[in-house]
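Let me give you the structure first, and then I'll get to my questions.
Going in written order, the chains are labelled A, B, C and D, and every chain counts its residues from 1.
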């Protein structure tokens, strides 16, 4: 096996986030590594001869012989051959052909073109990779969030809009946002993943070569792809239509955006002045190389940072929709980088799941923060109810009362009770309604109910 | 009406591509202009009081009074009021309130927050705009392409990969690619459009205010949105979840990419050396200010250029997924620009449709180009059939034959017939098979069949 | 003058940020509007005939006649003519030609190509616009920041890294960061602006046409451009090299990033829990349509949001570097949008300048926030000095002391003084050194000195 | 040394473009690999103690001891230590400290913060990498282009705008475009590279810790950075100002755009219908896995594709300008990816240089293509000269003549000579002027002169 020193590499994804963790390498390399690429390309070549055999184009024996040869091909030799002939798929084909009998040789890669192999193999390995690694990890993560949301469904938290205190929510409700957004993304990923297509239509997509020896090359293509577990696209040129894979990438990147938002929210909740949650810290972990007291939200920062590094790849992918005529190769190198996006996303999900599983909620601090806001929060129910009971300028009246409350350091509730102009309206308030103003911590609307509803929906 | 000189504007979209064409303004402004934004926001305020009346929160009379007032509000006054109070939706609300009786005043905007109005109105106007302008235009365009594809289903064209002559296709097949890719995009746009959501859940999404006076605010929200024709989202904060709109934008931008690819293909087919198609030229149209003989593919260039101008907006939209806690406003200004993307896309579709409706195919030139390639094209069927009939090194053998053919200026067919090493294999070729090598213009595989199949599917 | 209803427009830049403020329209439209584009193109046509006269290609009288005609051309008629002949610059030329005598007609636009006019005019108007509007506004803004930085040079503020309390700075030092970063950006903009180039080299850049009648067309080009105040590029095709304008755009966008960072910092300092600064609020200004007590950092949010809307335009500009052969037009439409970027940036600078001029610093709150951190801050000087005086494990020792201090609610200073193991080291501390640990608010390093140094440098 | 199987990697940059070529690894890894990162960080730590010694903070002996220890630290052990304590720089520090005496320990990393090391090391290694690998390669490449441009300075080539035949140039002039554009980019890279800055200002940039033991920490910083060969920035927080590095990245990416444009031009010139140049092909090289006759412009396609993959990284870099307060870490992971951009760019330059060194110009084909255009080319000089000699409607007249020429298959020259209305004007034409219309291949303006001028300028 050709090996390289990890520290000679230039991609942080390889040497740091993926390659330095053997468990992750083991989990992801069957789908997203270069080895995987080649091994799936071999699967496509194998499916070809097997379908030939089924359709009596070659004998079952020949198909078997080629299958056996395929199992022996190693990435190293393919790369070595490519160096010589400067063509990756021909190198793969040569590596198979040299292992089989003269009789079998002609059937290897017969009638198909490189991108029948490349695009079909990529669709298949990414489909499997998403099914086997990304979706399970995402679902685990959603479970973690559901558990947290349910646990904190009633924990009152001050709402924050524009960074300013706003109406109350519960911390469970805060988390439920991500349960739901993640849920729609999981669905989007699953749907797009199931729509991935392959092709076996030859050099320009018109089944030219396969028409030479097959009576029904369209049916043959469908059969071969079905065997592999892929759909057939509506049209193809030398390559499959870019849109099905683009849809999957969009689903992934938009899910990455949800992670970034959650990570951002959580790191802000860890700000020294807020401190409502904290990442549990290993006993030997160091926060700062010079400030011994620091505890930094590094996992959350890291997830947001990875998102910033990988989200712009969508620009490349949208650019790659444009390919001249029956295709030009100027999306070949760029297309190879797709595997990076899956890998980075998987790592971000795993990291965020681990961190969210271990965060501690400081309910006491959460309550203290709420209390600082409590008084101004009462302004909203007061305004709404005054308006409801007929006050014609409630919003403006309460806005001024709010400024007064701030100046005089008195609660809005107190000021309102002693305001003779408001009395006629307050008299109509039900006891429960009045209580919302007196005890703003009860003014959480349907936060708890909604939280539980969402958790139930996505279970 | 506040007016501005068109030539004082800074956005080319406004002064050039959209605003200088009164028909387009008339068609699009009901959905994508600032006027549309405000008018849809008023629709949401109206739906609110109507649902209040239905739920007996206010009388039918009051709801009617407010409805009538709403019909009179003009964008100008909203902007004037906003200048004073620095809040767009409060300005809208004030513009309604000042027109109604003291009794009615309190029910205007009662319990809801600005973004209940903003996000719901945007979802609705974009949904309508897509249904009424973009989808019909796209479908018209697809019809144009289907007509062309069918007409040219049998017109042989040389395939081109890497800008090099490749196996033959038909020009109809070339166009069928775009029929199909456009088709999947139309479906994607429709699906995403139907998934747009609104919200009536208040300042932090927890129904705090509406819970004060409504027994079941979740049902109320559903009712109100259904009345408008929108779905309710799974969770909301101050704003709706960004993902449903993002999915629509992705569908639009990925459709834009298909247009860009088509435009690029067509302009390359107009290269002087290729000249297989041409845009019909107005008799007064000028190609170049200094070169009087020029006929430039300006419409195709224009569509590709608009795509380059608007595709990167996805970066903004992905960035806007991240909003702190119950939201920060740093996606407000950027969010306003979404209307531009719809408008630019519509204009590109319309322009491309018009141009594609009028392109002329120069079949003679197409045939001449094919003939230049004909000889080298024969290499593929020869290789495939040699391999099929047992030649063990067909690819390499034909590659060399191909070089020989180039040097000796003899056809591959001729060289093959006179090659004693090949004779044993050629003897097995059927007449039809041999004919593919002799007359490569018949070697179009299933191009015609596939073209017709695709046209039928999307009709 | 052709007018359009402001509310029929689709670009928020036009109807909201720029077009709704007559003062800004007046200031910017001479450079960045479509009117400006046409008027500068006319300037180039005028410079051409004037240079012809100078070089005796035509008479001074003819040049004068054409100059006079040019002054009468209106954008409306150019657009009307373009609708007919589908060529913008030919339309411009026709609008001049129809106004001059038969003798003069031939000299209008003689030997030059459209993009000699388009690219030269754009370079010139953007250069002027940057000089006359953007740079002065930026320098004003820097003055605002310098004033603030000097005023707050000694106001102690807790440093924050990762959102966590860190070593102390002063608020002036916080602002000085932006004085300096803005300074380097102003320099970068000035430098790039001075490097903008024009061209008068004809349809493919080889001076083909001008060589017909001019003995030295390269010298002629230099003369004409010098007259306008522009440099000549090193090479041109139909268009000027893209890189000089790209460098300017990069300078602008990277300055926009500095604004975004400042805006972000300031809005975080306005978070309810931090509240160290606040935007002064108009007495009629409304914070929230439902929460009457809210005061939102809308200007800061707005600037960050505009940055998110416009920064990705760099992707378009980088894409537009690629133009086929002597140019293809697929960067024409996209190129028209550059004016938007200048406009949006100017508006962001103006807005931020206004807001920063009016922010209030709550020094009391700043001191209170510092005090919450004070104790943990003492950890750093303690560790550094212990290490300096020979403690071999100071970082780890202080980290543990820090945890102890948190648990026992005792100050680090107190714990250290009573720690017998530390005594031998503390005995070496100078009085001033010991004081840093006792009174961490003195531990601001060179924050004040550096602030004043930076302010002086950029004055 | 920790090794990984090349085919287990996920980044194509690592396993394919960089890692599979041992020569490139050897050349680039000293600057752009993870090993380089760590080794430069050690250099910074070494410079610190050496400057301490110079300033008598520690003895020369201690500095020497630490220097010696630093030389023994290996990346593997740093990574291993980081796994334990979750802090990369502290892990580096521990790896040094464990190797030195008790007396020396305290001086390791004394007073500085992680990013004093990280940012300074990155600036230095990238600066060196650009100087030692990227700039030399770029200059070699420019030499290749200069050689080609000079060789083909007089080879007439038809100009192409919008893909349409336009006025003539020479192939040397076509190449001279890239000589010049590359030249300005080399200058931009050099300038930006020389502006890179480091920092030694501690955890929040205010020299808090260093002020404890150094009388003049600003001078100390300058001294240390000068020793390393770096400038000091104007202001720093925990990190250096992002703009100097951003400027370098912009210079690199804009140079990458020039490469992409050249690659695109060259691959279009290789289109089957154009065939003016070709890449020389290895005798064993395979063009297509199924079409044995194909010769694809894979190197050019590859360079354009790499550009598409890496250009969007600018979005990440612009985003990373925004860092909260004295910094947040959400630009840490994303920042690590910068090394990829340098590597990819270097590989693209090297590849393009190699390909351009070997392209063959088919002058015969170039002449044939020109001849197809020759007749229509004559339109421009005819129009210009007619106008110059007083024809008042020359552009329109020649446009119609051009259409006539096309229809009647007669040369413009012939038609003009026989056109009685033109006679009075043609009589004024000089012999040389008339010749341009008769022999359009002489109508190359100053193409050759300009080519040589540019080559001379950049030599």
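The working rule: contacts are C-beta pairs under 8 Å (C-beta built on N, C-alpha and C of every residue); 3 or more make two chains touch, one makes a residue touch a chain.
Keep in mind the model is a prediction, meaning the values are calculated, not measured.
Trainee: Looking at the contacts, which chains touch subunit A and subunit B alike?
Mentor: C, D
Trainee: For the pairs A-C and B-C, output the one whose chains share more C-beta pairs in contact.
Mentor: Ranking A-C and B-C by C-beta contacts puts B-C first.
Trainee: Pick the pair from B-C, A-B or B-D whose contact list overlaps the A-D contact list by over half.
Mentor: When the residue numbers line up for over half the pairs, the pair is B-C.
Trainee: Mind checking the centre-to-centre distance between subunit B and subunit C? Centres are C-alpha means, answer in whole Å.
Mentor: It comes to 32 Å between the two C-alpha centres.
Trainee: At what distance in angstrom does the C-alpha mean of subunit D lie from that of subunit C?
Mentor: So the centre of subunit C lies 24 Å away from the centre of subunit D.
Trainee: Specify, in ascending order, the residues of subunit A that touch 2 or more different other chains.
Mentor: Residues 90, 111, 160-163, 166-167, 202-203, 209, 264, 267-268, 286-291, 296, 298, 301, 304, 311-312, 315, 319, 328-329, 380, 384, 395 of subunit A touch two or more partner chains.
Trainee: Graph shape for the chains shown, where an edge means the two chains touch. Line, ring, star, complete, or other?
Mentor: complete
Trainee: Please give the residue numbers of subunit D that touch subunit C in the complex, ascending.
Mentor: Checking each residue of subunit D against subunit C gives 90, 102-103, 105-107, 110-111, 159-163, 166-170, 173-174, 176-177, 179-181, 183-185, 188, 202-213, 217-218, 233-235, 237-238, 241-244, 246-247, 250, 253-254, 257-258, 260-261, 264-265, 268, 304, 311-312, 314-315, 318-319, 321-329, 380-381, 384-395, 433, 436, 443-447, 449-450, 454, 457.
Trainee: Residues of subunit B touching subunit D in their complex?
Mentor: It is residues 158, 160-167, 267-268, 270-274, 286-298, 301, 315, 319, 369, 372-373, 376-377, 379-380, 383-384, 395-396, 398-399, 401-402 of subunit B that touch subunit D.
Trainee: Give every residue of subunit D touching subunit A within the complex, in rising order.
Mentor: Against subunit A, the touching part of subunit D is residues 1-20, 25, 28-29, 32-35, 38, 75-76, 79, 84-87, 89-90, 93, 109, 111-114, 202-203, 209, 264, 267, 282, 284-291, 296, 298, 301-302, 304-306, 308-309, 311-313, 315-316, 319-320, 328-337, 339-340, 343.
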